[in-house]
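Should a chain be cited, it is by its letter among A, B and C, assigned in written order, with residues numbered from 1 in that chain.
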Amino acid sequence: MKAACHRSLWIARITFLEAIRQRFFAFLFILGAALVLASGAVRVFDFGHSELKFLADFGFGGLFLFGSILGVVMTAQLFFAEIDNRTALTLLAKPLSRAEFLAGKFLGIWAVLGVFVLVLAALLAAMLGWRAAELAQLAVERRLAPPECDLAGLALYASLQWLRLGVIVAMVLAVAAAARTFLFAVVVGALAVLAGQLQWLSQELLLKPAETGLGHAALWLLTHLLPNLQQFNLGDALVLAPHQVTAGTLPWVFLSGVAYVVAFLVLATFLFRRREI
Amino acid sequence: MRRALPWVGLFALFLAVGVLADQSWRRARLALPEIGRRELEPTVGQGVLLGVLGGFRTVVADFTWIRGYVLWERKNDRAGTELLMRAACALDPRSRFFWENTGLAVANDMGHWEIRRRGGYAKVPKEIQDHLLRGYAQRGMVLLDEGIVSTGGDAALLATAALVAELQLKDLGRSADYYRRAAEARAAPWFAARFAAANLWKEGRRREAYVWYRAHWLKVLRLAEDGSPDDLKELRDMEHELRLPLLQRLPQQSWEVSQPGFVPRTNEGVTAPSPVGGQSRK
Amino acid sequence: MTAAPAIEVRHLTKDFRVGLKGVKLRAVDDLSLSIPRGQVYGLLGPNGCGKSTTLKVVLGLVPATAGEVSILGLPSATAEARARTGFLPEAPYFHKFLSGRELVRYCAHLSGVPSDRVEAAVEEAVALVDLREAAGRLVGTYSKGMLQRIGLAQAIVHDPELVILDEPTAGVDPVGAAAIGRIIEAMRARGKTVVLCSHLLGQVEQVCDRVAIMDKGRLVLEGAVAEVLERRDRHVLTVDALTPAALAAAEAALVAHGARLSAVTHPRRSLEELFRELVTGSRDA
């Protein structure tokens, strides 16, 4: 077990080094950071939103959109690079199992996405913290209640987004393990992410609480094959209205996320095990 | 059979994960009001928008609002204006601003646009004008009600609904009800309680107005730094109008004596005592 | 008890499904061979004959349709078997952002070299392929020959008993190819088994102890190099200072004994030998 972890970590390390050098990563990283920083300039359009909510939304949006794109494209790209360049030949000829290989790829890509989330969240925290302090001062002067802004909640939200991206990476790895081309993996992976965002809606529309039976069970399983990615979008509540998040919500969301990561990695290993390199 | 075993295992794994995910979603959705509120039940279109845009939706809402606002300024595309403004509300249902301004646009403006579209005030008969204005006012109220639910009972939105009910629908009772809810909500506007009592009073429900206003002053307004002297003055006027016996009136406050225009109350002109909060009305 | 052969292939068949209809393409057809330990073994054949497929099945990269393969007595698709095997694929590609040393270190860790032995193993492998000076440079700056050599280094860093090389000298100049040949001989001297797939028949002839020739997925010929290349129906005599009179007398003597002189020619050296003679010392910088 220790040796297996050792090998997976080495695969992860090299995958991380490879990913962090990609121009695509740098591009989306800069774009995401620019979006967070630009929110300060676009505040004039906030239409009386809680200003902090407006700032936060830009940050949440950047993490969501660019993180998802990175998760899908980078995973497919790094996987197929090993296949197309035939480095997979060299690696899998060593005493490295396919499960260890996939685990290593997952950890490496997830680590890069962790850097992405951490930096963007730190930028957002700086923007929110600075503006919240200013607004709190103004509120004291006007004898109003200061706006709520929980930076610890932002840290929790960042962790949730990192986990969400982990689910996406695991899902795309499962698709890539079966796919023949990079483009197919990207397209299907993106569709799977989209479906994951809409999974809650399919549940609401298709699963009527009163119905039971085999059909209902089949529909239930079908709608739950894909993870419900909407459950990770708790930014508004965690950062701006912490009292809205009930105790016990976050542990369940984290557990659900981890479970999906494991399930998709198992599926990926199963699909990859007989693949001809 | 042996070949099917791994697939069975995968099936069981995803089944277990699905059960876990269900439990997680049950809790998480409560923190997502735009999804979690059963009474909202977003349409498929709204649901797709919420799902697809994720964290970006409120930014998209703002830009949708800008477009709707431009159409509002032009005043020649009622349907387009309403559609865009409603879209902004759907994308960011927690924003009071969108609900408030959409409700006001529909309630106050669109009736007049429709009259103009039909030929103008000289051409359209008065009954039709009233019907249209009332119809759009009702529509605006429905929107405001939806907004009140989405925003969790925002006090300012309740006050806006009260204003529309009073000015457009001429329904003082309904207006008073909204003002009362606004007064009892978080961050209540300073005037909400006063207007609630005033509208109830104007509707002839004077005793009810006083009882509620008095209870609210004792519970909430009195705790303000200055003790809400203006509200207390209104209550004193009500007590005088209702000719309440001294014992049924609010006790004199220590700081009241120093207030400008203070008039000590007496039992002069008081009618037969009636219990505070009773149903007798003048 | 005799040691199990380095590689044992028994009735190996591999079919690929091609196209939408899934038509079967038989790449390897009932192949059986046994590669003994401690030798350099050449696996030859034209393009598409099934050599690379056979190697991939041996290494567990591709599952067999039928048949069995074992490495050093162990089932080939196991991690234990792969731990005792080193592999250099054809036209290897390595991460350009790693230096040669980092690449070999990476492969050492993946191959199970104990952490306290990694640095020593890396230096040893790098020294064996004569890349000590260039090991600190990025792999992206290497020439073809250097790439092949660093590929060799990663294949042997964990001191495997069996080394499989697929076209190790493809695209490499004769000097570089000769260097690789010397490395292969050094590995044999250390008791390793080397399986060599190559189109450079001259080199195979020089380096290999045994060869197998495949064509259309089947084994056509297998045996020791010296045995399979010998033409036992003919003899070669090398004569110094042959005069016309001596030639005539020799021919007469041969005819008298029932033999026949077929040809009289001057021996030739190969272009490779001439090239090496002339340019030895002009190595990769």
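Just a few scattered comments:
The working rule: a residue touches a chain if its C-beta (ideal position, glycine included) is under 8 Å from a C-beta of that chain, and two chains touch if they have at least 3 such contacts.
Since the model is a prediction, treat every value here as computed from it, not as a measurement.
The pair of chains sharing the greatest count of C-beta contacts is A-B. Centroid analysis (C-alpha atoms only) places C farthest from subunit B. Closest chain to the protein centre (all Cα atoms averaged), using per-chain Cα means: A. In this assembly, the C-alpha centroid of subunit B lies 84 Å from the C-alpha centroid of subunit C.
Between subunit A and subunit B the centroid-to-centroid distance comes to 37 Å (mean Cα coordinates, whole Å). Separation between the centroids of subunit A and subunit C, computed from CA atoms only, is 47 Å. Shown for subunit A are the residues in touch with two or more other chains, of which there are none.
Considering their complex, residues 45-49, 53-54, 57-58, 60-61, 63-65, 145, 194, 197-198, 200-201, 203-205, 220-221, 224-225, 227-231, 233-238, 244-246, 248-249, 252-253, 255-256, 259-260, 262-263, 266-267, 270 of subunit A touch subunit B. Interface of subunit C with subunit A (complex): residues 16, 56, 59-63, 79-80, 82-83, 85, 87-89, 91-95, 97-98, 106-107, 109-112, 151, 154. Taken in their complex, subunit A has these residues touching subunit C: 3, 6-7, 10-11, 14, 17-18, 21, 85-87, 89-97, 274, 276-277. Interface residues of subunit B facing subunit A in the complex, by the touch rule stated above, are 6, 10, 13-18, 20-25, 27-33, 35, 44, 47-48, 50-52, 54-59, 62-63, 65-66, 92, 94-98, 187.
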